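Several structures are given next for inspection.
There are two complexes below, and they share subunit A, which is joined by subunit B in the first and by subunit C in the second.
What follows is the complex of A and B.
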């Protein structure tokens, strides 16, 4: 208790120097915790959005299809095998058909992917039911807000679409925009136009054809099927997880530098304190205080910076962290243009175990840095200390 | 007076001859297959060197590309681009159904154009690589039927409707306006399966080279897009030249 009182009195006495250290440390603490929350929030938000709007509980891809190679789209579709058709019939999966083509809004050519979707599907959040219309002479089409912006198409507009059938022969027709959807997933919006899958199958003369089969969330074990490759969530989220991991590392490096500056300030303070307070150390030792008690005193002084930094950080950090996790952080448009399914607002997420672990690691680092300069006290003789000499 | 009568009689004779000829063409037209065969024969080049100019009308600018091409039969061609400066030195080699392009320094790369890349536009024009690669004679791909007679560019033309006899051709239906005295398709329209007009080619000027009529200026137009299309000018053509075989090799691309 005596050591604690002495330590508190000493850092209080250091005045502005103490507060400068505390402010820098608190800033580092808050920013590191905030960045963790931001990355975790981003991770959770992207994965949830992708599952809801794109990948469901996993997908089957036609064996010739590779979404990253547009030249595979033309041939990367085929008839669904019986086992997969059973999943569709049980409403556990929904097929999608991709056909490369062009549209001519305002008679300007634009390359697109014509995507066919079951109008009654409920597997992903896409308003496919809007494609149900009564007029059999009209081919209904659905586009996203980004696509509408790119093409200047509006609801009710007709646009010519051109594609090749499964044998490679050109075909073209006019389709009517019946709905413009707002989706968080740019990959379900840009440069694509959605049509009823039954219509698109007729258009390419490909009865029962599909490119991708999207499974219901939490579907459980799925069958192995020849020529159709099952892509689980780990595979489909691999890239986004790698992106988030790299983002986490780069963010931590940035805030780590800030934390390092705080630690350097504490280290510097400790070294200076030991140098300036040699006579005090000698007096304490002469009065009977053990070497380890003196070391504890100085370590505690340094560590108290950490405690005060947490207290100060809590004053402005807690409201900030609560605000960002409830109201969210508005994101610039560039995140949407990058094709990341995240929406316009990012909500930070703080898991209690991660939060406590982060706080503990940061505090222990402060304690360790506070302890390091005090090692020289071990070798100090009280008589030398009283004369102001170091060993 | 005699002179006036002579002129009137001459004009009448020309009109009557044209009418008789038109009537004859309409009543006894050659069969579609014969017409296609004659077109194929007329346009067939055994060996030739051509200088061409392509004028591409784009939204905001006009691009002019000049090239020299060595042709050997239907299947082999070697093109060297000469103008503009940014295209100069680019080369293209066609051997059968294979196509390579060479991009000079600093890239110094030979790119194989295959599969779906053949469907891309040729240097931003209204032509695709595939359009350029289509060597097969019309007779082997389409059944043709004469459906009428129309006057085009002051020439009486037989109008032919072509329907694909093979699966997988780019265009299921075509319509040709053929000048039967020169065996040139002065106009061609390409249709989608649905019947929608996709492309139109018009021969605007012709010239006679070594006894046969050949297109001098053609206009290709993607009918679904805005714009004036792409003009293709054959500035000169020399038939039956001895062309060394090493020209038609990949090694020639880097020379």
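What follows is the complex of A and C.
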């Protein structure tokens, strides 16, 4: 208790230098914790958004389908096996059919993927019900806002779509844009045009065909079937998770440098303090304070910077953390261009165990850095210290 | 016969400087009894501070033996030395060595904090010490705001506040005017008589010498003279 009292007195008397250290350190503390929360929030949000708008609770892929190879898309579809059709009938899954093709907006040609979707599906957030129209002579089409911008298509426009049929010969028809949707997922928008799956199946003469079967979110165990590969969430989220991870590493490196600067400032303060306060150290020893008490005192003084930094950080950090986790941070368009779907507002997320562990690790680092320079006290002779001389 | 409190036998203290050696103390033999009021006098550089430091276990003997309150300084651990200083000794430094961020009250209180006395006990003792040195009006001042003489009085109060068995006083009056010097010396004399506190001074000051019961003269690190002084006549 004595040591606490003395350390508090000393640090109180030390003035501006203390506060500079405390400010830098508190910035580092708050930013590290904030960036953790930001990345965790981003992580969570990207994944939920992706599940809601794209991948549901996982997918089945036709065994010839490879999303990265345009040529396989053409052949990567087939009839759904019975077991999977049962899932569709139970409304636990919805099929999608992908057909590469072109459209001719404004007499220009643009490569697209024609995508068929069940107009009654509720598995993913896509307004497929807008494709329900009464006019049998019109093929309704749905596009996203990004696609509308790329092609300058408007609601009510007709556009010619071309694709290859079963025999490989070109076929074409006009489709009418009945709705322009705004979706969080660029991958459901750019360069694609959505049609009712029944129509698209007729267009390619592929009864019951599908490329991808998207499962309902939180679906339980799923059957193993021939020629259809189950892609679970781990597989589908692998890329995005790697991206988030690399982002986390680079962000933490950035704030780690800031933290390092805070630590350096404390280290420097400690070294200087011990150098300048030789005489004081000698006095403390002459008055009967043990060496280890003196070391504890100086270590504690350094560590108090950490405590004050947390207190100061709490003053502006807690409102910041609360605000960004409830009201959220508006996001610039840039995440959209990166092909990441996560909405226009980011909500930060803080897990209590992670938060406490981070705070503890940061604090222990401060304690260690405060302790390091005090080692020289051990070698100090009281008589030399009393005269303020270096050991 | 009085108790021997400090027994110094054949003490030498060498310092290595450059390539050679310098002896600050040479074959010193000295017995100091409980209740002594003695002074080490001698020219500058004669080894007075060095001897006080060895007695206070701040420095170790190069040769010989020094026994302080039954502890052999040459064998003592740093921890034991700290305990000895904390519980039994009071230091008054030539250079005051006040703690700069503490105010007068806190500086004087410090040894009592180390002894873990209660706050009421501390307060009583600090107030008494402030009275001895006449600094009741400067309680809240920081050392930087004090004159040299005031600093010295704080240093004296700090050494005596815990009423230690032995006070080691290095030039305690160097910066004091005559009135303050006499006041403080009289307080010390009173403590010596009432509590049996042993005082060991290092001094050139004739005022201090006037109060001494015993005077040891050091020259070039040797004891040149060791005399008992007659008691002073009554003050008028």
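FYI, the second predicted complex is superposed on the first by the 388 of 391 C-alpha atoms of A that agree within 3 Å, B and C clash if a C-alpha of one lies under 4 Å from a C-alpha of the other, contacts with A are read in each partner's own complex, and residues count from 1 in each chain.
Keep in mind that, in the parts below, contacts are C-beta pairs under 8 Å (C-beta built on N, C-alpha and C of every residue); 3 or more make two chains touch, one makes a residue touch a chain.
Keep in mind that this is a model prediction, so the values were computed, not measured.
After superposition on subunit A, the partners subunit B and subunit C are accommodated together without colliding. In the superposition on chain A, A:109 makes contact with subunit B only, not with subunit C.
Residue contacts after overlaying the shared chain place A:14 against subunit C, while subunit B stays out of touching range.
In the superposition on chain A, A:5 contacts subunit C only, with no contact to subunit B.
Contact with subunit C, but none with subunit B, is seen for A:289 once the two complexes are overlaid on the shared chain.
Of the two partner chains placed by superposition, only subunit C is touched by A:382; subunit B is not.
Touch criterion met: A:167 reaches subunit B, while subunit C stays clear of it.
The gap separating subunit B from subunit C in the superposed three-chain model is 73 Å, by closest C-alpha atoms.
Note: no residue of subunit A belongs to the subunit B contact set and to the subunit C contact set alike, using the contact criterion stated above.
Within the complex formed with subunit B, the residues of subunit A that make contact are 70-71, 74, 100, 102, 104, 106-109, 160, 162, 164-165, 167-173. On the subunit B side of its complex with subunit A, the touching residues are 59, 115-117, 164, 167-172, 190, 192-194, 196, 198, 222, 224-226. Residues 53, 56, 58-59, 78-79, 82-87, 89, 91, 93, 95, 97-102, 106, 110-111, 113-114, 116, 158 of subunit C touch subunit A in their complex. On subunit A, the positions that touch subunit C within their shared complex are 2, 5-6, 9-10, 12-14, 279-280, 282-291, 381-383, 386-387.
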